[in-house]
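Each of the two complexes below includes chain A, the first together with chain B, the second together with chain C.
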Partner chain A sequence: MKRSKNIAVRNIAGKPLRSAVLVILAALLSLTVCAGTLIVRSLRSGLDSLEARLGADVMVVPKEASQKQSFENIVLQGSTGYFYMDKSLMDKVTGRDGVGKSSPQFFLASASAGCCSIPVQIIGFDPDTDFTITPWIKRSYGGELGLFDVVIGNDLNAFVGDSIKFYGVDCRVAAKLDKTGTNFDTAVFTNADTIKQLIRASLDLGMNSFESLDPDNSVSCVLINSDGTRSPEEIVNDINVHVKKVRAFRTGDMISGISSSLSGVSDVIGVMIAAVWLLGLVILLLAFTMSVNERKKEFAVLRAAGASRGKLASVVMQEAVITGLAGSIAGALLGIAAIVPFSKAIENALGLPFLTPDIASAAVPAVMSVLLSAAVCALAAAVSAVRISRIDTALILRGDN
Partner chain B sequence: MKKNATATVLQVIILVLCAVMCAGSKLVFHACGAKDDGSFMTCHWAEQALFGIGCALAASAVIMLIVRRPKTKSGVALGMIPVSAVYALVPGRLINLCMMTDMRCHSVMKPAAMILGILLAVICAVYAFVTRNDD
Partner chain C sequence: MSVTAENITKEYIRESKGTNRFAAVRETTVTIESGKLTVLKGRSGSGKSTFLNMAAGLSRPTSGRIVYDDRDIYSLSDRELSRLRNEYTGVIPQGQSAIFSLSVMENVLLPFTLYRQDGGEQKARELLEKLGIAHLENAMPRELSGGELRRVSIARALVKKPALILADEPTADLDDENTELVFDLLKTAAHEGAAVLTVTHENGAEDYADALWRMDSGTLEVIK
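On to the complex of A and B.
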C-alpha cells in the first residue's frame, strides 16, 4: 500500500486505536446535534401540520364523548374511534350568535382494512359546507368525490384506483393525501353520503356499538368558525351555557396540550445535547492534551530536524481536522439513518405529531452538525497546538520535561 | 494499521452484522404479530424470508472466517453483496407489507432491513477492495 507523505496522516494511521477513539468522539458530537435537531424540527413540523389540518376556531362534540380519554386523539389526530349526536343539536349550535362557517363531520372506525387487523379511522365531511378538509384534499385531488370514493392518508399502503373494503362495501381510492406526520396519515376521508352508507353497513353487520343510530340524523362533531362579531372563546362559552348535551372547545386550547408535550421533549433533547457536548469537549481536550504530551519527544525531534513552530502546530491541527471531519461525517450520516427511515417508529413511541423533513432538508442540520463538530475538534486541538509550538526542544530531548 | 489486521477487523464486523441480520429479524425488528384469528399478515412472510437470508449470510460469514485462501474469502465477500441487496429489498419491495405504514413491519422492519443490507453490501465491497491484491 502506498504510504502517505503527510505527517498528520501517518500519525493517524500509526496509532489506529487513538485515532478511532477521536473519530468516535467526533461522531458522537455530530450524531447528537444532527439527530437532536432533526427530532426537534420534525416535532415542530408535525405540530404546524396539525394546526393547519384543524383550520376551525371551535369544535363541538357530544358531551359523553368529551369525557372519554381518547376523545382528543380522535378529533385532533385521527386516532380510531367514533361517537355521534343528534343532528338537531347541530342546528341549535349553528343558530347561536357569532357562528360563521360551520360544517359537520362523521367518524367511523373500520373493522379491518384489507390485510391489516388494525382498524383505520374513516372521517366523513359535507363537501357543500366543509372548510377544513376540502382545502387539504384539493391539493391532491381536484375532482368531486362520488359515492364510495375515498381519499386516503399518506401512510396507507394503497394507491389511486385501488379498491378498499369497509364493512363489506367496496370503496375506490380517488386520491392519496400529502404526509402530515399525524394519525391523519392513516385515516380515510370520504363524503357524507358514503360514510352514512358505511355506518349503515356497520350497523347491519352488528359491528357498531351505537345500535339504534340513524345515520341520516346523526353527526359526530361540528366545526365552527367565528363570523367576526364574537371571539371563539365567547362562542365556546355561549354554546356550553345554552346548548345541552354538547361540549364546545377552542381548537387552539386542544392543541396547547400537544404543544406543551412538544416543548417538554424539545427541552429534554436540548439538555441532552448540551450534556453530551460538554462531556465531549472535555474528553476531546484531554485526549488531544494526552496525545500531544506522549509525543513531545517526536515533536522535539521534528523541531530539531528543522520543522518550524508553525509546522508542529499545523501537524496537530491537521490531525484534529482529519479525525474530526471523518467522525463528524459518520455521525451525521448515522443521525440521518437513525431518524429519517425510523420516523414512523419514533412518532409511535413519542405519541406526538412527527413530520420528518425530506433528505434535502435533512442535509442542512447534517452539514451544520459536521461543521460544528469538526470546529470543536479543531478548537480542542488548538490548545495543544499552541503548547507544542512553544516547546523547548533541548529540554524535552534531555528528558527534563 | 496493517492490511491483515484491517481484513480481520472487517471479517469480524461482517460476521457480527450477519448475526444481527439473522437474529434481529426474529428478535428485534420482527414483523407484526398474528391476527386475532391466528392467521398471519403478509409481513410475517417477509420476516421469514429475512430470517432465511440472514442465516445464509451468517453461514457465508463463518465460511469467510474459516477458509484460509484470501481469494476465496474475497469471492465469498463478493457473493454476499447481491444477497445483502436482496435482504434490503425483501420487505416492501419483493414481499408486500401491511396496509398501514405506521405498523411495525413498515416503521421498524423495513428501514432496519434496508440499512443493514446496504451496510453489509458496502462493508463486503470494502473487504473485497482491501484484499484485492492478497494471494
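On to the complex of A and C.
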C-alpha cells in the first residue's frame, strides 16, 4: 500500500467537494484579474495602435462628411465608407501658416457584389508625402507599392501573392500587416495611383454614389503635422475660420472620445474585479473557517500524536496554497482562453480598438493574477491557520468543543 | 521513563457559576511508574481526563510541574514538547479520533508520517491483527463502526512503542471480548517497560491494574 507522507494533500483528495469549491473560488479570483487586466491592456494597446496609425496632429475632411456620425470610425478605425473633396481645398488648407507635413488620403469601400472579392475599406495614400501609413507598412513590407499592388490587414483571408478583385480590377497582395485591434485589420491599403483607378472603376460600374467625381482632382482627407510655429489647436481654428467646405479636427480630440470610453470600461472592469474579490475573499474566509471548524477534532488528534502548533497551521496553509495555486492557474488559463480567441467579438461588443497582447505579454498578467489569487487564498487561510494553532487540544479531545 | 506530577493543580475560570475559580485537579504529587499499568477511576467530572491531558503535555497545569525523567515538560518550547510527545508518548483520546481523509493504516502510521519517518508498518500490522481489524487496513474511517475506530486510535497510540501510554476511556465503545483484548495489550506494553495510565469507568479494570488510583472532585487518592 502506498503510504501518505503529506497530510494536506490527503485532506484535499479526501474532501473532493470542499476542495473543488476552494479551487473554483481561487479560479474565479484569478480569472477576473487575468481577464480584466487583459481586456484593459488590449484596449490600451488598441488605443496606442490607433494613435500610432494616425500619427498626425490635424485631420481635415469635407464639411458634409464631418456631419455624419460614422466619419470618425471611417478615418480613425478603418470602417467602410467614403467621402471626397476637391483637391483645390487641400491646396488651400496646406497653404495655411503653421502647416508642416501634409498628405492626402483616399477612401473607397469595396462592394460585396461579384465585382469584388471581399467587402472592405480601401485606403489610398500618397507615397511621396505620406507620414502616417508608410512607417507602419514598412514594418511588414520594405518594397515600393506598384500599380495595383495592395497591402492587406491582418484579419483578411488572403496571402502575399494572392490576387484579389475590386470593381473588376485585379490587385496583387504585396504584404500583410501586423494586427492593430481596429477595423484597419480588415482594410486594404494601396498607393494613390491604384486607388484612383479603383475609384474610376467603381464609377464606371455605377457603384459609387459620387457620380460626377473626378478621381484625379479629389481627396478624402488631409493629414497635417504642425511645423512648430503654431499649435495644432491654432491650425485647426485657422482652417475652420478661413477655409470653407472643410472641417479640421485635432486628432487628439478625436481619440479623446475613445480614450474616455476606454477609461469608462477600465473603471467598470476595476469595480467588477473589486466586487468579485471582496465577495471571493469573504467566501474564502468562510470556507476555510468552516473547513477547519468541522475538523477541530482531527487537528486535536494530530496534536495528540505529536504535531506542534506550527505544524497544524502548516497543514492548513499547505491545503490553501495547493488548492489556491491549482485554482489560480486554471483561472488564469481560462482568462487567456476567454479573451485572446474572442478579441474580435469583444472589439465589436465594446466598439473600441482592441489589440490583444501576444502570448509572452499575456503571460505577465496571467502570472500576476496567479500570484495574487494564491496569495489571497493563503491570506484567507492564515486566519484559520492561526485559530487552529491556538486550539485547546485537551478541551476538544474531551468532546467539549 | 518515570513520569512525575509534582504539586500540580488545574483551575478553570467559571464566571457563570457564581464562583470564579473551579479546581478541576487539586494539588497532587504522584508518579506514573514505568513497567506498570496504572488504572485511574472516578466519577464523570472528577478531573481524571484533565490529569491525563496535563500528563500528556496537552494542558498546562495552573501550578506545579510534570517531569519526564528529569525534564519539566512545560518548560520546553511547543515544538520540543510536541516532538517529545511524538517520540515518547502514546495518547488514546476519548471518543472516536481518526483523520477521515487517511486510511486505517495511514491513521495508525500517523505518528511516523507527522515527522516524515519511515518504518512502523510491521508493528502497525501486528497491532491491527491483535485488535482484530487487520482486514480493514485499507478501509477509510467512514466505513468503520465506533468500536473499530476506537481500536484504530489504540493502534496509533501504540505503534511507536512509546515509553508513556495515556489512555482516556480506551474501551468505551468495545464489547467485553475487545475490552479484555485492549487491557491485555496495555498490560503487555506495561510489562515491556512502558508507563501506562488508563482512565476508565470499566468495572473489572482493577483486575488488570498494577496500580490503582481514584479521583474524587479533583483529589487523587492512591488505592494500590
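One rule holds in what follows: the second predicted complex is superposed on the first by the 391 of 401 C-alpha atoms of A that agree within 3 Å, B and C clash if a C-alpha of one lies under 4 Å from a C-alpha of the other, contacts with A are read in each partner's own complex, and residues count from 1 in each chain.
We adopt the following convention: a residue touches a chain if its C-beta (ideal position, glycine included) is under 8 Å from a C-beta of that chain, and two chains touch if they have at least 3 such contacts.
Everything numeric here is computed off the predicted structure, so don't read it as measured data.
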{"item": "First (chain B), second (chain C), both or neither touched by A:A158", "value": "first"}
{"item": "Partner chain in contact with A:S79 - chain B first, chain C second, else both or neither", "value": "neither"}
{"item": "Chain B versus chain C as contact partner of A:F342, first or second or both or neither", "value": "first"}
{"item": "A:S110 touches, of chain B and chain C: first, second, both or neither?", "value": "neither"}
{"item": "Touching partner for A:A300 - first (chain B), second (chain C), both, neither", "value": "second"}
{"item": "First, second, both or neither for A:T393, with chain B first and chain C second", "value": "second"}
{"item": "Touching partner for A:S202 - first (chain B), second (chain C), both, neither", "value": "neither"}
{"item": "First (chain B), second (chain C), both or neither touched by A:I7", "value": "second"}
{"item": "Chain C-contacting residues of chain A that also contact chain B", "value": "1, 13"}
{"item": "Residue ranges of chain C in contact with chain A within the complex", "value": "49-50, 53-54, 56, 58-59, 78-79, 81-83, 85-87, 89, 91, 93-95, 97-103, 105-106, 109-111, 113-116, 121, 137-138, 140, 153, 156, 168"}
{"item": "Touch list for chain A against partner chain B, complex", "value": "1, 13, 16, 113-118, 120, 154-158, 183, 185-186, 337, 341-345, 347-348"}
{"item": "Complex contact set, residues of chain A against chain C", "value": "1, 3-5, 7, 10-11, 13-15, 297-298, 300-311, 392-394, 397-399"}
{"item": "Residue ranges of chain B in contact with chain A within the complex", "value": "1, 3, 32, 35-36, 41-42, 96-104, 106-108, 110-111, 114-115"}
